[in-house]
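Next come two complexes, and both contain subunit A; in the first it sits with subunit B, in the second with subunit C.
Up next is the complex of A and B:
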């Protein structure tokens, strides 16, 4: 009987898993090599090969073992680490430092990141200007490509972007897995609304001051990417805030609570993505007939998206990032990936396969550049 | 002006959270349609605006008297900002917050037409941490016009929250909206805390 309880539904045979991996294999091959593999540069070829193998082996294992989050998080953490590495490497190569100067701002040389998007909307609507000192079309991390990528991903994945596309999420996701059991368990429910309050404040302050206030004052990930040169009390205060928030919300609290506290309590883009969960076709469904109300899913959810009430109602909240942790934890296969309009408990495999293909492909393609670049640097260092 | 507007926008929600549900029945009781509601709400807001201009005038004059010394002008407002900002943050997260609104004493007013005026007055003078912050800001302005502008921005920001009052019963997720508003108030408190610290450090460095 125990064997039956171990989430049997999502596992596939070796042949079937390979067949499901084939499209991913071909698309990632085309994307990473540009369709024309060039073996003239050994370090580059080796880096591409390792990255290619990594994403495809992880995708294969998702199908073969039936586990989602276990393998998603590997690529997600690697994505976060390599992105920071690549970004810092580029900064140091171009500027000799992680900090940027006023001249860099005036010349619009600041790489754009998706967290700025909620602050850009109101000023863009009223003043027809973009309040970020980055390049619109050219260069590394330009504004237009990031906006298009985020818009498409959010429309398709909803808040799934936070677990499958965000290049920062891997930081607190990684730290939230450091302990086996949380030190802090009872957290007041009201804090999960904080990202909406932050969104309200940063959207207003950005619209009124025409400065991306979240980036200028709050973003914890400035600590692992780039920040303003410390030349005054104000810039020193900003640097202090960046590093304190990174230490508190990305490192200490995730370790203590086993939750993604930065994503759940601060990120304004997370709030926007939560709203987009309402329109995305993919969702997490709860099959109330199969559920034995063990609440393991509630316990493991890193985003405060599940409560006992949600399970009783048979509906996950808008905060769900579709990471798959609850799906992996459910021994009854009662909580599963689903498509809106299809009743819970039906077409589980089809919904999961479709969601995994779309979301994993997005993460694989989005992360490939930084993974390959980091691997190249490491190979050069070793050789 | 920007920070006053932001303070108004964020603290307006807290104001509504405590007073809105008390004021709503009074503003709406015995109303005869949208026209009556609009008139009552307009009278309430105009009274608030007048009361704020009175407060702006008083704050500026007291500010001129007390903050004439440049050292005091830099340091005291910095300390006041920090104290009131801490109060504002505490207010937003305090679980045992007592939702008592001064507007409750409107029961004592018999004249139906005077109720919005009375509510406007008690709402404006119902001293809360956000109002203390704006009084401090107003007291440290260079000219009285700047002081009026600070209060005007605060008024505009906080008044926006009162506009949907007639529709309050129909708003879904009201509790979530109130929670977000209260948390935003706390964030505004943090902004002013940083502003106070910057003022204080700047004041000490510049002597």
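Up next is the complex of A and C:
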């Protein structure tokens, strides 16, 4: 973890923190238990209890300590790990392997993920169909539910989706925290525009070939989810690309730079989410009157969303994923969660409370299924 | 103007709060509504196309799907026809198929389900070769490549 400076402005008393946690407590209880806790299955009950306690303790600590990113990242990493575990476990149970076969494609049994969305827009508009071998409505990770979940999340959180909702982001976020200091510091800022180039490339190639090219050829997270069965030179090349990109962009570069390099340099959905940052009501505000220009926030930003120019202008860039790392790092409480329309430096606590509730609730409920499923498997393994 | 901006920001933020609260309880309903949108169907390149005719034999049914040439907004020169054998698939599948429903056979297909070896004998110059031949959860599927 980074050495973050104390940020007393957002701390709350024990009573107030408990009060702020109460709505999260009730809503997550309803979602995790369905409103009717069933104690007939001990391993399931224990898994639900642990997951429930985890999310609520983290949310409480965000209010009590005033720190956001420090506790967000715990759930975010757990989400990424448990999602991959659950997905791989299900695939091994069904197929005895992490790879999918031609039969799975022909039967449209491939789980859909949000990264396909940028590639399906043009074909959906022109051919009135989805270029993905998944299920429209039924089964695990069906296309309709994933599109609804992402659409609402990106509307509400903008690029905040990349730090509060994406079940892959926790991988490079986790690896970017492995070292205390970066080995590579000077990175040309031009690279942060790369996702827009990738977006353009995959959207056009997918429309022309009718193949979701990012998933078929580039996605590093195939390495920790599922990939095409290696049966030819082509499928072996694809597997090689997936594992190389995962090793390079998700493991090695984040460790060396302390930046989320996959999210910042490659992800085409990140580019779309950056655009929706213009729509969301939630943002990060810079109070120029309180800022002492120490640029600690610029240094810690994992998404290349802050530069010295941004601080001088008093505005964060469209690349901001609202992770809260800069907010936690600011000793003057000059950089803070805000709502568009409300001037910087005002209603800081209110804006943070509202944003935290919305974003954390999304992550808590979205991640609950995979966390509970993983815990159940671990409990069964131990008992 | 400043006040109006503050009010608009707050209203939008509270609307987002409501959206997130109703998102998960309403997910099944929202997804079902979205699935009815005209573009929410799988491209025939993946689904294999609509079933054009069924040939029922003892223990096994052959679904001949309509040929797929569909591109982004117009047909492409190359496509395929998908054949699905459902039910108890014999060790050796032999069928003569008229995919374009013109009353004359277009190709003869032979599948050895033990070795997965699949051969075709085209009777029509538009029939090219075997694209995919694989066992499936329902039996066996073959895609034969075609030209228009």
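By definition in this document, the second predicted complex is superposed on the first by the 377 of 383 C-alpha atoms of A that agree within 3 Å, B and C clash if a C-alpha of one lies under 4 Å from a C-alpha of the other, contacts with A are read in each partner's own complex, and residues count from 1 in each chain.
One rule holds for everything that comes next: a residue touches a chain if its C-beta (ideal position, glycine included) is under 8 Å from a C-beta of that chain, and two chains touch if they have at least 3 such contacts.
All values derive from a computational prediction rather than experimental measurement.
Colleague: Are subunit B and subunit C a fit on subunit A, or do they clash, once the structures share the same frame?
Modeller: By the criteria stated at the top, subunit C and subunit B fit after superposition, with no clash.
Colleague: For A:124, decide between first (touching subunit B), second (touching subunit C), both and neither.
Modeller: Touch status of A:124: second partner only.
Colleague: Subunit B or subunit C: which reaches more residues on subunit A?
Modeller: Greater contact footprint in residues on subunit A: C.
Colleague: If you stack the two complexes on chain A, which partner ends up touching A:200: first (subunit B), second (subunit C), both, or neither?
Modeller: It touches subunit B, and subunit C stays clear.
Colleague: Between subunit B (first) and subunit C (second), which, if any, makes contact with A:190: first, second, both or neither?
Modeller: first
Colleague: Regarding the shared-chain residue A:208, is it in contact with subunit B (first), subunit C (second), both, or neither?
Modeller: In the superposition, A:208 touches subunit B and subunit C alike.
Colleague: With both complexes overlaid on chain A, does A:237 touch subunit B (first), subunit C (second), both or neither?
Modeller: first
Colleague: Where does A:99 make contact in the superposed view: on subunit B (first), on subunit C (second), on both, or on neither?
Modeller: Neither subunit B nor subunit C is touched by A:99.
Colleague: Based on the superposed arrangement, let me know which partner A:33 touches: subunit B (first), subunit C (second), both, or neither?
Modeller: neither
Colleague: Which angle, to the nearest 10 degrees, do you get at the Cα centre of subunit A between the Cα centres of subunit B and subunit C?
Modeller: Placing subunit A at the corner, the angle measures out to 60 degrees.
Colleague: Determine the nearest approach in Å between the Cα atoms of subunit B and those of subunit C after overlaying the two structures.
Modeller: 12
Colleague: Once the complexes are superposed, what residues of subunit A are shared between the subunit B interface and the subunit C interface?
Modeller: After superposing on chain A, subunit A residues 208 contact both subunit B and subunit C.
Colleague: Once bound in the complex, which stretches of subunit B touch subunit A?
Modeller: 2, 5-6, 9-10, 95, 176, 179-181, 183-184, 186-188, 191, 194, 197-198, 201-202, 205
Colleague: Which stretch or stretches of subunit C touch subunit A in the complex?
Modeller: Residues 2, 5-10, 12-14, 16-17, 19-21, 23-24, 27-28, 30-32, 34-35, 38-48, 70-73, 82, 132, 134-138, 141, 143.
Colleague: Spell out the residues on subunit A that touch subunit C in their complex, using ranges where they run on.
Modeller: Subunit A residues touching subunit C: 27, 31, 101-103, 105-108, 122-134, 136-137, 142-145, 147-149, 152, 155-156, 207-208, 210, 280-282, 339-343, 354, 357-358, 361-362, 365.
Colleague: Which residues of subunit A touch subunit B once you look at their complex with the stated criterion?
Modeller: It is residues 188, 190, 193-194, 196-198, 200-201, 204-205, 208-209, 217, 233-234, 237 of subunit A that touch subunit B.
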